[in-house]
Amino acid sequence: MESKDRKILFNEVAAPGCFRLGLEWRSAEVTPGQFVMVRVSDGLDPLLRRPFGVYGVHGGRGKNPLKGNVVELLYKVVGKGTRILSARERNESVNVLGPLGNGFPEAGKDEKVIMVGGGMGIVPFLMLAKKLGDGLLLYGARGKSEAALAKDFKGTACRVKVSTVDGSVGAKGLVTELLEREITKDSVVYACGPVGMLKAATKVAAAAGVRCHVSLERSMACGIGVCLGCAVRAKTHGERENRNYMMVCSEGPVFDSEDIDWELL
Amino acid sequence: MESKDRKILFNEVAAPGCFRLGLEWRSAEVTPGQFVMVRVSDGLDPLLRRPFGVYGVHGGRGKNPLKGNVVELLYKVVGKGTRILSARERNESVNVLGPLGNGFPEAGKDEKVIMVGGGMGIVPFLMLAKKLGDGLLLYGARGKSEAALAKDFKGTACRVKVSTVDGSVGAKGLVTELLEREITKDSVVYACGPVGMLKAATKVAAAAGVRCHVSLERSMACGIGVCLGCAVRAKTHGERENRNYMMVCSEGPVFDSEDIDWELL
Amino acid sequence: MGTTVEKNTGERLPVEIAGIRFQNPVMTASGTFGYGSEFAPYTDLNRLGAVVVKGLSLKPRQGNPGPRIVETPCGMLNAIGLQNVGVEAFIKEKLPYLRKYSTRVIANIFGETMEDYSEVARMLDGVEGVAALEVNISCPNVKKGGIVFGTDPFEAAKVVMAVKKSTRLPVITKLSPNVTDIKVMVRAVEDAGSDAVSIINTLTGMVVDVEKRRPALATVTGGLSGPAIRPVAVRMVWEARKVARTPIIGVGGIMEAKDALEFIIAGATAVQVGTASFIDPNAAVKVAEGIAEYVERHGTTVSKLVGSLEV
Amino acid sequence: MGTTVEKNTGERLPVEIAGIRFQNPVMTASGTFGYGSEFAPYTDLNRLGAVVVKGLSLKPRQGNPGPRIVETPCGMLNAIGLQNVGVEAFIKEKLPYLRKYSTRVIANIFGETMEDYSEVARMLDGVEGVAALEVNISCPNVKKGGIVFGTDPFEAAKVVMAVKKSTRLPVITKLSPNVTDIKVMVRAVEDAGSDAVSIINTLTGMVVDVEKRRPALATVTGGLSGPAIRPVAVRMVWEARKVARTPIIGVGGIMEAKDALEFIIAGATAVQVGTASFIDPNAAVKVAEGIAEYVERHGTTVSKLVGSLEV
């Protein structure tokens, strides 16, 4: 929970249009699923910080995958802010606020974790896989080059199954179809990706009668729960009376999928 | 008169806080005293282009110093726009509009040219010196490191006398005091620099009864005479009736100092 | 709403305003494109929907002392003071050049009194090559202690009536955004006979030079333009659309086609590109190209897009 | 004008508004600083002139559906819908934390009816740790078909009178910029008993998602804030200064000390930092530091700078 200038250690292509950004970070400690808010330039345009999940923490003593002195982000160039970020050079600094948000909750003793990542939704799962020491990642990649990111999971004990819509790599079809095949009664589902995918994952989990935690994205201004800009509607009314909105940045980005009013998302 | 992306060939420190920017430019042809408008970044902040005089044109055939395929600018970092420009790298492109403006007029056959440059006001005179093949440059530098720019005139047949306010290099005092000493009845004065210096040069020239041409700076939006933002007041009313303002970008930046209403500048 | 879909020709870009057909919906904004000729070296005037020229007054005007402009975050302030060659010199010296192009010419006019407005309008009536008048009402009424015509619905209506009486040309009224309710202004000028409205002129703003403790502009306040004001302009077009019976021309902070499309979808039949032309003299043509690409890609026409916002 | 130069102490930064002394002129803007505690990890609350908390209503409010924010050129639009915990929870759960700090706390309040405003004001009257009320009048009056209190001088005056009757606390009225003449609003609320004015709240704006042809915000329009609006805000402060008899608090697009000084020199006794706190949670303290550096360098005091613009 700091706002600091962080030196860029590397900012290199990970896949076409997709970059790895390494930030010097004295004693970082991150929970898988947390994010940071990056000020991509000192100018006034773009004005707001941009949120990115943490892809990895390196350089820690004792190989704790959640601690270290390098924080790595993985981001895709989709607009002005990410384009500017991708042009930033090694040894320059960017101001970073974070780590922020809750991250994924611990899995129960008997629960088998299935991670479902779509596109850049793969980001939180590399750390989670390292932490778990096992688990299954179902990765819906947009194509061959994105699918190559699965290589990053080689060093983990996590099994990876890839799907692509066109079948160019792995199974042909939606990643949630993979989920349907893999899910069992003792699964717990952790999902991150486009809203459509999260909705589908929620349904599959509900049908199997297991818990599902999803990481949501909303436009954010502050990242710390004060602008109230990143609200999503909560489903559970009774308990949360007069408080139907939850803030993705401070109460999430990870939510129990049952708490979310999917109709209104 | 074009608006084009130009490749940056070099962008290097010329003196502390001062940069040389080389732009690839197919068949450039520039009159000494002309300027260009540079879009320092593609973003919206800063929004407007920034004006810079042309310091040199290189690589022309037949050694014509006004033609070539590299346009060199010399600029000082004073604010946001110049700071961003100074961070642009070789092989990147910047959009440049120009060359613009009138440039310095030809000197009369019997006139001996004295150029008076204050600070970055030295910029137009390197090309002018090369074109003239002789002449005298009086250069009021802000200090030792800026005075070092005078070295660039070594290859020309132009004599250079430097003054600094603190006397650290050359004569101690104002450059217009040098002018008072050097001016003769057959001089013509070309001046570029801060308004105070231009006013003083105008007075010295008037006292000596010789012509004085000054290059002015105003905030500019368009650079091509349409926004009417860069107006200066003309002194000569009769002839210019109902048209008391002159546009620095399109009617200047070089004016006969007698045409300018200095009181209102 | 004055907008005809060009079904028969199958063309996607043309729009119609007050009975005039424009080959595409992109115009230049007054005061940002000179008298057109200045841009000929940089852009193809024939590819614009219309050129709106610098505001014309009865007599030539010298404008304000400097500094006249200052940059602001994503915008600029100007206090040019409506410097222009006057309507007579425009007709004699500037218009002949523009007649060489197939692009429509709209004459932007203003005055300091009702009589000024009438007189300028009369002088442009029947002049070959002028397609319409755009009446800038964001000017102080010197007879009423400098109150701006465009912030008072009664004064605004009177100006429009005066102009309408003096010309057979279609009259577009250019509204000021410095008002509590743009809808009131739209109704007032439409009731007075205005054939279309341009929304918006500049917002009034000010910059202080804190080291000198003086205003950055000689006139203290000036007009704010550029992308900074776009959200305000789009909102006003959308509000105006709810009551307007005549076409709206959207203006304010358009830098690229996407920005222009915001206005069109919110309810503008055409758009004007202003400050962007200072940054890129070819900006307006690029906006037109981008709109062409968009309507092609979406299999639609500009006319169908107008006001197509789903709320 | 309510501003006392602290001559005897020799301090350069303190200002006085409505009889309250603030240790420096930098406050946080309502809705951009939560209830204060959220910023404690990032900044030193004790170094602020005041914390103005998120707008409070009689009952807790849930706010608008999303999307609630969208970025704009050098600014942002928000349509939070005034989500807040309600005045009761504020007093019980939020205020005790803020009492630990020496910094003044100003409670920003709003309502949908006159009665709402009165009631909230009454509930805050005499509550320890609340230094003043800031009344947000940029809200729709549900009893009058949603017309915004703050764009009608009569309604605005009525709100201020209602609040004044219900509290002994100093009342600061926060004005809307979406008006033709800010001076009329200043006079109206001052005549109604307002002890100071905050200028400005957000400008109404709108962004269209052109690919979806839908508004970017669920509520269609929202409030524009950030550096884009600063020139408009500074201008309104300067205009207001000409007629105001009470102190002005300048708000709108302040990112750094230089920006705050524009407001002060134009006539504001204090300033509020809003959107900037989202980008840098320590922004307000940095602004205060920069102002301290400036007054030191210029050998002056903030009070002397107020309205010192030479025109």
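We call the chains A, B, C and D, going by the order they appear; numbering starts again at 1 in every chain.
The rule is simple: contacts are C-beta pairs under 8 Å (C-beta built on N, C-alpha and C of every residue); 3 or more make two chains touch, one makes a residue touch a chain.
Remember, it's a predicted structure, so these values are computed and weren't measured experimentally.
Following the contact convention of this document, A, C is the list of chains adjacent to both subunit B and subunit D.
Counting contacting C-beta pairs between every two chains, the top pair is C-D. Farthest chain from subunit D, judged by C-alpha centroids: B.
Computed centre separation for the pair subunit B/subunit C is 36 angstrom, with centres defined by C-alpha atoms. Averaging C-alpha coordinates per chain places the centre of subunit A 47 Å away from that of subunit C. The mean-CA centres of subunit A and subunit B are about 53 angstrom from one another, to the nearest whole unit.
Residue positions 73-75, 226-227 of subunit C are each in touch with at least two other chains. Residues of subunit B in contact with two or more other chains: 44-45.
If you sketch which chains touch which, every chain touches every other chain without exception.
Put simply, subunit C touches subunit A in their complex at residues 73-74. Contacts from subunit C toward subunit B in the complex involve residues 31-34, 38-39, 41-42, 54, 59-60, 62-63, 65-71, 73-76, 78, 80, 83, 86, 226-227, 255, 275, 277-282.
If you check the complex, the residues on subunit D that touch subunit C are 72-75, 77, 151, 178-181, 203-208, 210, 213-215, 220-221, 224, 226-232, 234-235, 238, 253, 258, 261-262, 265-266, 294, 305, 308-311. Residues of subunit A that touch subunit D in their complex: 1-3, 39, 44-49, 95, 97, 218-222, 224-233, 242-245, 264. Interface of subunit A with subunit C (complex): residues 44-45.
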